[in-house]
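What follows is chain A paired twice: with chain B in the first complex and chain C in the second.
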Partner chain A sequence: MRHSARIQVGPVQFRIGSDWRQPIAALETLYAGYPRDDARPADATVRLFAARPWRRWLRPSVHIGGDFVVPDALPLPLSMGLLAAEMGMNLQVALGWRRHLLLHASAVARDGRAVIMSGESGSGKSTLAALLGEGDWRLMGDEFTLVEPASGDALAFPRAVSLKNEAIAEMAARVDAARLGPLLAGTPKGDIRHLIPRADAIAAMHVPARPALILFPRFGGEAAIEPMGEGEAFVRLTEASTNYIALGEAGFAALTRLVRETPAFGITYPDSAAGMALVERLWAEAAR
Partner chain B sequence: MPDRAYRAAPADALRIETLGELTAIFDRRSMQTHLVIAPMPEILAAMGGDACGADAIAARLAGEFDLDGEGDVVAIVADRLAELAAMGLVAEA
Partner chain C sequence: MSAIDTLVGLLAGRIDAASLAPRDWDGVISVARAEAMLATLAHHLREADLPPPVAALFADQRAAAQVAKDQALWEAEMARRALAPEGIEFVLLKGTAYAAGGLPCSAGRQIGDLDILVLAHDIRRAENELLEAGWEWVKSDPYDDFYYREHMHELPPLIHKARDRMIDVHHTILPKTHRVTPDALALVGDAVTTASGFAILNREDMACHCAAHMLADGDLQGGLRNLWDFHFLTRDFAAADTGFWGRLDARADLHGLRGAVHRAARLARDLYGAELPSGWDRQDARDVWYRRRLLARDDWGRPTNFMLQQAFYIRSHWMRMPPTMLAKHLWTKWRKR
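Take a look at the complex of A and B:
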């Protein structure tokens, strides 16, 4: 690979190689404030490569590769190289990580205790976490939360937040423009713009937090809270985990413990302000 | 139909965790997770080390639980045993 970068997000050390300079430069800008340890071996490798050598110059299109490859992953145009890098990083972690139970969930923490929010794309879990992370909360991650099997603690994966569509303007109105990446318009996932987490969230990325609440947000509809039983939370989180099966009994033990020790709720909310208010309300009740 | 006999899994094969109304069972042999509801966990608990049939298990359950009004308990237990066998959690003796 002609260009490469090392990036550390939470416990994961990435090595990213690219045939082009642009995606690496964009990553280096987004991750400039993250702790670095280039001597550490990489846990995951992402490669952004041209399909054929001449394609690097002629209508460049980025293929995503790495330790794990999804055969039908579409090549993206070079203008979306940063998105390709992000997708590659997600893929390597989702398919390759074995040290922790990996949940497709956002998380925020306060006083050493975490709120884990799991939901499908469009549930608003990312936006809620990003917004809370601008207030009294530490953003632990907008996409993945890791659970340490031995301790039951949640570990952060505070990658650059991937803001989508309406969330872009909502966040841009609140944060310094220097914390926003370039606008990637019209990607297969809509418009995307990355947000660099607050410096305190990045500095604390190795600090674990005790799970205190598990929320399953759903955007749209009147504000509502629905308590969820341990069994349903378990089923939903097995579906939200990318490596539950691969972890075997360690994953089973970690997840049964998590749902037993942590109250779970489904929340429905019509807008971000209502969603944040529901999180605060449940937090206040859980803290009692 | 004669009462079919089943044998419980070896003692260390299953890890059983109650999660509210559901019970999660991890089978160390297949690495599979099974989610079951009553009376599956109760049937597994009532099976001893020996091969036994639905009538014997129904009798043990009747000793532990109030099964009045539960219908034909032996037939219910026989059906559940067949399902547990299909999941690999018990074996035909």
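Take a look at the complex of A and C:
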């Protein structure tokens, strides 16, 4: 393809090809601080392309393709090319990755132990992880957490954090503007702006962490903590995994071990400060 | 050299994996994925000298393919439990059959739906038993449903509501309206039983079906994989039985598939380096179009040569139905767009 980039996030090496320069340039800025190994063959290929040649210039619209595609996925305008790239990369991992149990969850770590946060979009799991990652936690990822079947360890996937709507202003007030990508206004997912994780989080992206807590955050309502049984945590995490079924017995073993060895809680919180306080409180109890 | 040529060269053993530059693997992995052959390649290069990231990716693929194979065989077992108590015999086809028969081509082979063949007079009972056992219709429109039942060689696809797996119940191996009518009774009657107790087609019929599926019933999408199946099947069968090619000739004649089977053999020779006996080792000027169609993919895994693809698409319909019916079918489909 005309333009391309190679990006390494956690254990995955991506090759991203594009008919346009802009999405590649935007990716290269966001991922400039990530470790690079250009000789390494790609695990996954993403293609951003125009459905018809003239659509490269005339009302350019970006179709998302790659090794794995979602049939009938709608294209995005070129101004949202970065979002298209992000969606394409997520798709390859969600549908193609088999080395680890893949959880749709954010995670942060401290002292080699991880807090895994799983929830629907809108639960605030990304924002919580991003905020904690600005304090004395290592951000492991805002979208995927990988569980190594053999060891039970959590592995990081610290892609650029996808901040949405209110979270954008909340983070912009705290971090250096150089760590924020361009504002993508009015996307199908609302306003989006990417946050580059802290350099220490990126440098530690290959360092595994032992799961210490599994949280199921829910934004809105009074602050509350609800202990969750192994069975419920198990079922919720099977739903949060895109490759649990494909991994067969190895996936089952990894997930049962995770919920047996790791305490799980549902948390409800009215605002970010309260959410972070709940995480710290549960962490202090778990560490005891 | 293009990535698809490299893939075929690696499979054929013409190219040494150690001779590739690390970045050459980008394209090879993408085209292999697009052709649903990545795990096949991973098995084929199990002993090869590979860059560590490729070796790790290939190990993932082999492990995942093993899980997928176990799941596919479990689906076959589920079908047996639904149909056997009613005395409905069925023959496994394609990927699941290769796995059940323990055939070498099943190593890493992607298995999609469960394909089974029953006698035509059993098909309504088979449908009822499967519906009672938890399979249900994939939502489809009445024209498609009518079309399948009236003209096709299989029921409209069924999906299991709990396991989310599809089953295709065939009563023969080519559409009823196809110019060629294989002998379905002979296919079922001469089936053989595997050690696990499943019926699969006998060697010659399996090769005939593979060729028919690739060359007589489709537009050659996924053709490289089907050709690989054909190559491995015939190679191993011929190694175990010196009379295999002769018997295959006779069987292909019975089913009206001589042209397809011979073409498949020549393409397997041209692409994968198959060794053919004298009566088969010929040249046909038209094969070049098939080779081009099979290799129509760029280094990013994208299909290329749009006109050639269209030509093969039209050809597949032309063989499947008489012209007036084709016109009617295309008209109906077009109006539904």
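Some points to look at:
Just so it is clear, the second predicted complex is superposed on the first by the 288 of 288 C-alpha atoms of A that agree within 3 Å, B and C clash if a C-alpha of one lies under 4 Å from a C-alpha of the other, contacts with A are read in each partner's own complex, and residues count from 1 in each chain.
Everything below uses one rule, namely that a residue touches a chain if its C-beta (ideal position, glycine included) is under 8 Å from a C-beta of that chain, and two chains touch if they have at least 3 such contacts.
No experiment lies behind these values; they were computed from the predicted model shown.
Looking at the shared chain after the overlay, A:Phe216 reaches neither chain B nor chain C. Look at A:Trp20: by the touch rule set out above, it reaches neither chain B nor chain C.
Applying the stated contact rule after C-alpha superposition, one finds that A:Asp43 touches chain C and leaves chain B untouched.
Using the contact criterion defined above for the overlaid structures, shared-chain residue A:Val235 touches chain B, although it does not reach chain C.
Using the contact criterion defined above for the overlaid structures, shared-chain residue A:Glu249 touches chain B and also reaches chain C.
For chain A, the partner with contacts to more residues, out of chain B and chain C, is C.
Within the superposed three-chain model, A:Tyr31 lies out of touch with both chain B and chain C [touch as defined at top].
Residue contacts after overlaying the shared chain place A:Trp283 against neither chain B nor chain C.
When the two complexes are overlaid on their common chain A, residue A:Val259 makes contact with chain B while staying clear of chain C. Overlap of the chain B and chain C interfaces on chain A: residues 248-249.
Here chain A touches chain C in the complex through residues 1, 13, 15, 17, 39-43, 45, 47, 49, 65-68, 96-99, 246-250, going by the rule given at the top. Considering their complex, residues 229-232, 234-235, 238, 245, 248-249, 252-253, 256, 259-260 of chain A touch chain B.
Of all residues in chain C, only 22-26, 29-30, 33-34, 51, 53-54, 56-57, 60-61, 63-64, 67-68, 70-71, 300-302 touch chain A in the complex they form. Touching chain A in their complex are the following residues of chain B: 15, 17, 19-22, 24, 26, 28, 31, 33, 35.
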